[in-house]
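Each of the next two complexes has chain A plus one more chain, namely chain B in the first and chain C in the second.
And now, the complex of A and B:
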């Protein structure tokens, strides 16, 4: 008898709320059976500013997705972003305890719990602990159990967020009467599907440029080494255009999508474009150069800030597979070229894997697809030995919010 | 006081009786007022207040006041806001004399330094306590001047807003946009001064000159009194054959109307048009239609038109207004219709009582961005509505943050990332 689990992947962004419905059959295969987008209200820079508006939009999207799937969602996977998220790297080393110097399970557990023992202040909540590979006497080892050595070392990239803000997100889902199964960082959700396993092993950076925020993650040796959130996204470009060109947001957005470009070329210098383009009264001609300059300044700054956040890891040396762009903001013309100039690393727009159906092959859906991928693999980001405990904790946390 | 009440009916009927004083505070403020003095302004008194004796000495302004002699010994504040504030407080009596008996006081200051940021809020408070309508023009520092200057300027702006009827901030970043590529920093400062004098002159012209449609002081006061929203201020100028269209275009592109904090629509609006004898009623109508479409409906607009014979073939439009905010209390209207001189003695207790609350709200609840320009209007005369006003501040602060309202400030290395990059980098955009 086949067992099927209906999973909803919810990505609440600043521009739209995306809900994908996946049917996980026997825990092995995934069919995407429903989808719904809703225009997002009340989210700015990745954070909820108007709880009611966000709830309404999200509930409408979930309802639409269930309808299109013709099935009831059992549980929800949710993305999380926002400038309140922070990460740090913490490592711990233990001496191998047994007399024959072979690593026991107890040693591993001790090292792992010590590396994660750092206490956060009361209002902060751990979202993920992402383990790097073990080091046994400074040798990299994926699974040191039973190996011989003296010193076992392990480190975690731990991501934590403002408890109230995470809770707000969960409350939105709870308000619909559904439980949140897991929360995944947007950058990691996107990274899972947009970069290939080979790229992750070699070293790659994923930049997900959304409307509200720019999320990024750096993979090393196949695992997430660093993540970050820059609370600047394509909404900022629209806002800059509205202010700089003295047009309202509607036209600013239209100008951005029709003529926006991240690199100023010789041909653009003399050209002028119509603000509205329908010959109506009040229409005026805007120098393309000004438009592009405004966009370019912002895009270059975004890359520059990401580079500064990522620090030394954002270097050609650590990123042989370059940078992969995704998210709605990556549609901007020549945004890849502009980035290469700043980061000094080859940049390309990502491609979603071929199993993704044509009508989902859009950069806006990357995070939500990533969530489904997580739901399928049942994998938690956190290491397997502590997986149950960690998931239990998260469940406890989410259940706490239900009541 | 008796002097004021003696001519109160005159000032409503005939604008000649309005006493206007322009006070420049600090180095930047004094320089700006110096420039205004170059133009003939008969009925306007100019005054300068500074802590720096040397700078004050060189100013051609008639009425000069050095404050804080006991604090700074005639030297400047060295950029210390607290010294600026103490200096003003120490010489409160002198300052009070300076603002006494005026109907309309313009305060001009450059925020970010010591004297401007420290003393200007104190002078604003004294001026409004004396019953004058207080309109402040303040410049905000360039982004490249650093985070500290910005913080100082912001705090001062918050303080100014709680004391003035209208605060019109001029971010230097924005003014640089109006300049040529080759412009120097000095040019940018001159540009700021030019905007300030254009603004002041437009307001004064509508009060002192008579023309097609008269506007008087009472109307100006009415726009601000009892309103608790944003200040809207814009200027447009046109010359030549098609001066009408040019002026309207210029107004549409006015940088002051396109900063994040400015209201695009106003609930009460004063529009003044200054033109030559060739300015016809059809022109005025054309302007009205365009402006009503842009900023609100015609019903809420008070229109004035002035004919100045020296302005043939040119027209200057000045738009000044305020918005209601949610939570606006009609009770205010009662106060507004009351004669101004009756309310004049009242504000003192309310101001002193309310300030800590205001500050609490402004700084803790929603820190304004450097480019948010808003004034808290009509707050000071309402001792009995204190609680309402706190709600008020809260609502209006939220509304005024432009598209990124309701969000936390986006500070990275002391720069507010919500402010357009091109502005912070000083990249000039041509339109």
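And now, the complex of A and C:
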């Protein structure tokens, strides 16, 4: 008899709340059986500023998704973003304890525990501890168990956030009567599906440009090495246009979508575009050059901020596979070309995998699809492979006694 | 709702330490509606299960009840008729003696398997079929064994009693046979009967051959067979392995005839010739041995004369 688990993937963004419903059958196959978007309210720069409004929008979206799926969601996978999220790299080294200098499980557990032991201030809590490869006497090892060496070292990229802000996100879901099974950083959720395994092994940066924030993650050797969140997104381009062109936000958004570009070309200098498009009273012509210059400035600023936040890792030496763009903001024309100029690495717009249905082939769904991918693989980001292996071993040993 | 983060704990906090609960602050109309729906579904499921459980319990009770048995019987009623169909001589008198059926018993209450077992235990019965004929009748179909020989036995007290031997060699007490039928059966002699633990006898070997022999003889010379009094199996080898296998018939006239088990037609033909000649000569015979290539006849008053050979 097949076992089915209904999972909801919820991505609460500044522009919209996206909910996808996945049916995970026997833990092996995923069917996306429902989806719903709702206009988001009460979210600013990825953080909840109006709890009631966010709850209303999110609950409406989950309700709609359940209705479209015709099934009741069992638990939720939730994205997390916002400028309150920070990360640091911490490593720990232990001496191998056994007389024959072979690494034991206890050595590994001790090294991992010490590397994650750093205390945070009372108002902070960890979201992820993402382990990099082990170093055994400075040699890289994916699994050092049983290997010979003197010193075992392991490092973690630990991501932490403001407790109240994380709690608010969780309680929005709890308010609907559902539990949050896992929280995944937006950039990591997106990177899971938008970048290929080869790119992740070679070194790639995923930039998820949302409405309120821009999330990024750098993969090295197939593992998330760095992450970051910028409190700037495509909504800021809209705001800049509204202010710079003296139009209201509605028209600014329309102008951005219809004529916005991240690179100014010769032909654009003389061209003018209609603000409304009906050429009636109130409509007016706007120089395209002004529009594009405003967009370009903001886009270049975003890339520049990403480059500064990512530091030395944002270099072609560490990113042979370049940058993959996703998120609603990546629709902007020539945004990839503008990025290449600032970051100095090749940039491409991400493409969702072919298994994603046509009506979900939109960058707005990348994070939610990534969440479902995590739900299907059943893995937590934290010490995933090794811990699973240890649990498996422990379970087998336990079963020996049970049987 | 509150956080569960303990300041005393040494372990660093993770988001998993946040207590998740259905908090009032976050409840929207959508959430309330969903909760109502879940509660209704739960209530419906509980009620459904209760109804299902009740239905199963009621069903089991009903299946075990007499009403169900009556329903399945298409309306069972007290038994009014018992039909006995037999290919032999057994009749209702025999049936009444064998089974004790309470009056006014309902058809479905009758244990037909028990009746079948009981009737089958009678040695005269080869097969029996008991059927319910709804709404109020029982039909019993009996196939009987056909007697071939009879045998007089004696118990430990010296009391003699008659038993019949069927075509299959089964020894049984024949019931309801007309006296003529019994009288027409030759006695078996030279037979060793062995008893079973239940007092019955083991079947006698070779009776099928004897039956075929008698049937053949009756078809060819019925008047003569009427005078056959006993058939002796003393020298008869039912397996047919012995060259000296013989069947010896004693007639009511006092002479005996010895047959070999094969080439019966020829033996019967010679017997006819011999008997006709002896009858025409009004000579009395002691025995006729047809088992040899040449029939040997010993006359009753032959005195010192040796036996006569007929070719």
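One rule holds in what follows: the second predicted complex is superposed on the first by the 383 of 403 C-alpha atoms of A that agree within 3 Å, B and C clash if a C-alpha of one lies under 4 Å from a C-alpha of the other, contacts with A are read in each partner's own complex, and residues count from 1 in each chain.
The rule is simple: a contact is a pair of C-beta atoms (placed from the backbone, for glycine too) under 8 Å apart; a residue touches a chain by one contact, two chains touch by 3 or more.
Since the model is a prediction, treat every value here as computed from it, not as a measurement.
Peer 1: Give one word, clash or fit, describing how chain B and chain C relate on chain A after superposing.
Peer 2: With chain A as the common anchor, chain B and chain C both fit in the superposed model.
Peer 1: Just chain B (first), just chain C (second), both, or neither: which does A:261 touch?
Peer 2: Neither partner.
Peer 1: Regarding the shared-chain residue A:180, is it in contact with chain B (first), chain C (second), both, or neither?
Peer 2: After superposition on chain A, A:180 lies in contact with chain C alone.
Peer 1: Give one of first, second, both or neither to describe whether A:5 is in contact with chain B, with chain C, with both, or with none.
Peer 2: In the superposition, A:5 touches no partner, neither chain B nor chain C.
Peer 1: Put down the vertex angle at chain A formed with chain B and chain C, C-alpha centres only, nearest 10°.
Peer 2: Apex at chain A; the opening toward chain B and chain C is 140 degrees.
Peer 1: Does chain B (first) or chain C (second) touch A:44, or do both, or does neither?
Peer 2: Touch partner of A:44: chain B, not chain C.
Peer 1: Touch check for A:172: first (chain B), second (chain C), both, or neither?
Peer 2: Only chain C is touched by A:172; chain B is not.
Peer 1: In the overlay, answer first, second, both or neither for which of chain B and chain C A:239 touches.
Peer 2: In the superposition, A:239 touches chain B alone.
Peer 1: With both complexes overlaid on chain A, does A:290 touch chain B (first), chain C (second), both or neither?
Peer 2: first
Peer 1: I want to verify one number: the closest Cα approach of chain B to chain C after the superposition, in Å.
Peer 2: Nearest C-alpha atoms of the two chains are 19 Å apart.
Peer 1: Intersection of chain A residues contacting chain B with those contacting chain C?
Peer 2: none
Peer 1: Mind pulling up the chain A residues that touch chain B in the complex?
Peer 2: Listed in rising order, the residues of chain A that touch chain B are 44-45, 47, 49-50, 83, 231-232, 235-236, 239-240, 242-246, 248-249, 284, 286-287, 289-290, 293-294, 297-298, 300-301, 305.
Peer 1: For a test of understanding, state which residues of chain A touch chain C in their complex under the given definition.
Peer 2: 51-52, 55-56, 59-60, 62-63, 66, 72, 116-120, 122, 124-127, 161, 163, 166-167, 170-172, 174-177, 179-180, 183
Peer 1: In their shared complex, at which residues does chain B touch chain A?
Peer 2: 249, 252-253, 257-260, 264, 402-408, 410, 412, 417-418, 420-423, 425, 427, 429-431
Peer 1: What part of chain C is in contact with chain A in the complex they form?
Peer 2: 1, 3, 5, 7, 12-15, 17-18, 20-23, 25-28, 30-31, 33-35, 38
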